[in-house]
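Heads up, there are several structures right after this.
Two complexes are shown next, each including subunit A; its partner changes from subunit B in the first to subunit C in the second.
Showing the complex of A and B:
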């Protein structure tokens, strides 16, 4: 087991290195002058030349890459061309907001998606099944940006049930600011007993969370339904039924446990996908997260920030994959890693 | 007796709640489409952050372009010597920096010298300064290398802040400030949120109606920003699409404020590449721009056709400068004279790809040129790529027409006339590659006179602009108006185009 994990970690390093090389080259192929961006508009030729030297852009490409890698090892992820702050510091500021949003979205997807999938399989080809299939197809098919705006129009503009944007109500943010421990507002306000902030945070995360949840929720329903139907036709289920095990137990315990493996794998992988989805959702809901930071970095060819975000996302992908493989081995005794 | 108990509880609860309600701070919110901070150091701030920095830091004077007058801020008065080479400023007494130190002549000298020595941002506005002398604690004198309007310089939008010079860039990066303004940084979140709170020791005092806190927030989605203005969450929003502005016009909760800006859209011609190396062809092109269609169709009327290069409202603008109009007949005559009676050539126009207005202007122009047999290729590019192509070593490899905006670093026509049209050894912003010694001489003289004889300076700038209109190295298409959606209850807000997008929140309140 440990040699397996060690081997996978080594492989992960190779993958991440490859991603870094490709991203580094891609950001340099795009015609752009980071030095000109660094000094701002209306800069003089001398100022741009000075910035080029300051940023090391006058050195050959391989030297620049070597410097970047050497910096990474020392925990220096470079300085963002656009924000003029260390990239690692920027990521630290924006990442918790995104993680909170995605985790909340996935939580919704699991809490709603799994029971709906089970229900759908249990009532195969009935109106309940048709309805849940409609929900799942809509969740997967609706474009995020459209869904986000429609939710805003309906639940904010028309009904006034939920707030329009941001992580907290501005007055709450000013009068009962959340003491930052993890950067997750719901968690931090809960453990510090900051009730106004907790209420506001939950209220604010709902619409963007639902938008993020749509895709994994759709997937969860479909995957659960499909794997449940497969498992329900197995012999041991027939045996269980023959022994008179109640139907709810057959579905909820015996079938679901065996159907869960593939669903969890897919959901874990959608976590990384949701990171990308967050690009749009965060812009629409003014959610100060990584997606907003990354989309701005891409639009302005802010290469240190692009590298930082790419590195972070690829690390997430690689480690989630590993985590899923390892945890599946625990869940399913038939899987042996080696 | 029960009702008495209930009443007592109600009175006590009310009494407890009342102070809480009374203590609710007055908070203003500014919704901005982009990052609210790019540069952190007041010495070389050169971007969006001026929207909050002008509330934290102050300049010696503030310029009002509508009256062409200066308002005293940190300087209560000033005078200049006869030859325009020495300017003396008399400082306000009893002003404290947010760091606790006193603002005096030594601090002013230190701040400006730090700005100059760092050589970043718009430090070059101080180019004329030879030395800064501390005459006494509250008097500071600038000795100049050549006559220059120092009143405009000290009132500049960028690189003219007076700050406590004892601190360095890293300190500012931590979210500290060292200004004298009415507000000070309470906290910030990356580059997307800045919260300012009132500085109790502000020299102007806090009597009357003022906001206690001001929040500057990045709202990237225009649809969200619009909803925030409609619902009153945001007091002022900039950069809403024209269609949203039109829709908000009839909303009683929103006021649309539009002011002439100092920003204009220019088309610079490549004067070193055929066929635009021929002034006749360039003049013909100036007659093909559908100016009025652009103003109505692209700007929905929020702008005006440019006259010359200096925008309307800025000194140096004059109706004595020639203005082109759309006339395809005249264009055809000029093209025939130049040897292109049927057109028959292709031109490449570049613009910043994210800018929808620039694209629509280019498309409207393209349809007019097609009528004369001229094919216009409209190419959207990221700004630095567009700029890089414009600086390609071989002039024939560059674009034919460079479409972009210009706005001044300080309220001076020289910014327009020198940067884009003065002879340049190494190309920076002279993207028409124009060189005319007569023109260079005129604007150099005009700049020298600006600090001594404003009227004569304007005359020379007008003459210089007419030289440009004759040679047509470029055409200014329109002068923009800044259009903002403002909460109808917001009082005291005056848009000042010399400080683009800045709101002096100390002067505002909610009615």
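Showing the complex of A and C:
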């Protein structure tokens, strides 16, 4: 058991090192000259040379890499060219909005996707099954950014049910501002009893949340259906049926409990994917999160910010992978012994 | 061979969604092949503008309406099929060209070579592919060619991993031992005997990946990191119609439907292919 976890940790460390090498190479070795970008478009050759020395770009690559690593460890993730603030500080400012959005999206995906997957498996090869398979495949094939705009067209322009963009109404922001505790507006307004803000936050998160839920929802339906079908052919299900356990319980309790592991694994892994999808969704809904920050960084070629976001998301991804593997090892003896 | 083909078709017929996917892919290919000759306004796909015709809603003259520069959206959506297919073919070709040799060498050699190649592969797999493609494309400078390179760089590790697994089992076969015993060189054994016999799963995976690549490319273009104007790329069309979409819905709606249908077709076909090749599923379907 512990040798498995130790091996897995070691592997994660190797991968983290690799991720650092790749992000480093992307910032330093690609054709564009970071020093020229640092001083701006109208700099003289002397100024560029001075900037190169200042940024340490005249040193050999391994020295630069060492400095890069040392800086990262000390919390120096570079200075954003656009905001002129430390990248790490920027990331801290924008992260909560993104996390709130993604957690909301994953929540939607689970509460809709799981029952739909169970239903699909229980009625295998019937019209219900075909329909929910279509939903699952469509969820994965929809361009997220387009889906967001279509939802805006239907639910904002035509039906006027939901707001177009932003996290709160302007009036709410002025009259009953959310006290920032965690940066999650729904949570913060809930515990401070700020009902107008809570209502506004829920209203505003719905469309972007639904957009971001499309992909994990499709995946959840698909995984639930597949694992349920597998589990339903196991002996203990036949035993349960033979004992006269009602079909609803067979599906909802005995089978689902055993199908849950793989489904939750996949959803944990889509978390990092959703962080990237947030780039697209946030720019459409002007949601002030990491993706909004990143797409502005991309447009202004703010490379320290781009690399900061890349690094943060990749590290999250590696960490989640590790977490999933370790917790599965705890749950399933076949993995830790195999 | 004929018997296997009809067997395959009979199996495919059990899952109507696979046939839908196959039809969609064929139609897409056909449209892409003849696009320059069938679009009503070919000049609108090559950078011509018509300021007198801006923001026309869909009509008989402009089936999908016109965009902010007066270009015919229908012509551009049809032409976009060609762009997307080319992007898919080039990108997946590039990714295969990197991933396949590395995979077969890792699988056949084993030991330290295998270890090094696979750790590099793991590193690339630990970036979400769209993110890596974005970062590379942003750094290389945004255009369609760089976007294809960027997507390929984020895509090859999957092929390496898949091919390595196959190569490990293929290298134990008797014909490989026989080739070695006859004094065939390392390169000959690897590329003439092991590689061809390990390719099937990779080819299937690659054909399933078209949808994902098309979607990734559209996302990059939407963020301004892929195709640049006036290329009629679907993601770019949505991106430039974005400012006007609340008043002129047709500019973004039709390219989006095109992306959706193309990706959906490839995914349905890919799903079907995978089921056909998975003996467990196949048995269940025949029952």
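Note that in this section the second predicted complex is superposed on the first by the 278 of 338 C-alpha atoms of A that agree within 3 Å, B and C clash if a C-alpha of one lies under 4 Å from a C-alpha of the other, contacts with A are read in each partner's own complex, and residues count from 1 in each chain.
Rule of thumb we're sticking to: a residue touches a chain if its C-beta (ideal position, glycine included) is under 8 Å from a C-beta of that chain, and two chains touch if they have at least 3 such contacts.
Just so we're clear, the structure is a prediction, and the values are computed from it rather than from any experiment.
Touch criterion met: A:165 reaches subunit B, while subunit C stays clear of it.
Within the superposed three-chain model, A:83 lies in touch with subunit B and out of touch with subunit C [touch as defined at top]. In the superposed model, A:11 makes contact with subunit C only, not with subunit B.
Touch criterion met: A:303 reaches subunit C, while subunit B stays clear of it.
Of the two partner chains placed by superposition, subunit B and subunit C are both touched by A:149. With both structures placed on the common chain, the touch criterion links A:157 to subunit B and to subunit C. In the superposed model, A:283 makes contact with both subunit B and subunit C. Residue contacts after overlaying the shared chain place A:138 against subunit C, while subunit B stays out of touching range. In the overlay built on the shared chain, the residue A:47 is in contact with subunit B alone; subunit C does not reach it.
Common to the subunit B-facing and subunit C-facing surfaces of subunit A are residues 30-32, 149, 152, 156-157, 283-284, 299, 301.
Here subunit A touches subunit B in the complex through residues 30-34, 36-37, 39-47, 50, 82-85, 90, 93-94, 149, 152, 156-157, 164-166, 170-171, 174-175, 177, 283-286, 288, 292-293, 296, 299-301, going by the rule given at the top. Across the complex, subunit A is touched by residues 24-25, 27, 29, 35, 37-40, 46-47, 119-122, 124, 173, 187, 189-193, 195, 213, 215, 217-221, 223-224, 227-228, 231, 233, 354, 382, 384-385, 387-389, 409, 419, 426, 428-429 of subunit B.
Listed in rising order, the residues of subunit A touching subunit C in the complex are 11, 14-15, 18-19, 21-23, 26-27, 30-32, 130, 133-134, 137-138, 140-147, 149-150, 152-153, 156-157, 272-273, 275-277, 279-280, 283-284, 295, 298-299, 301, 303, 306-307, 310, 313-314, 317-318, 321.
Subunit C makes touch with subunit A in their complex at residues 16-17, 119-120, 122-124, 126-128, 130-132, 134-136, 138-141, 211, 215, 218-219, 222-225, 235, 238, 242, 245-246, 249, 252-253, 255-256, 259-260, 263-264, 267-268, 271.
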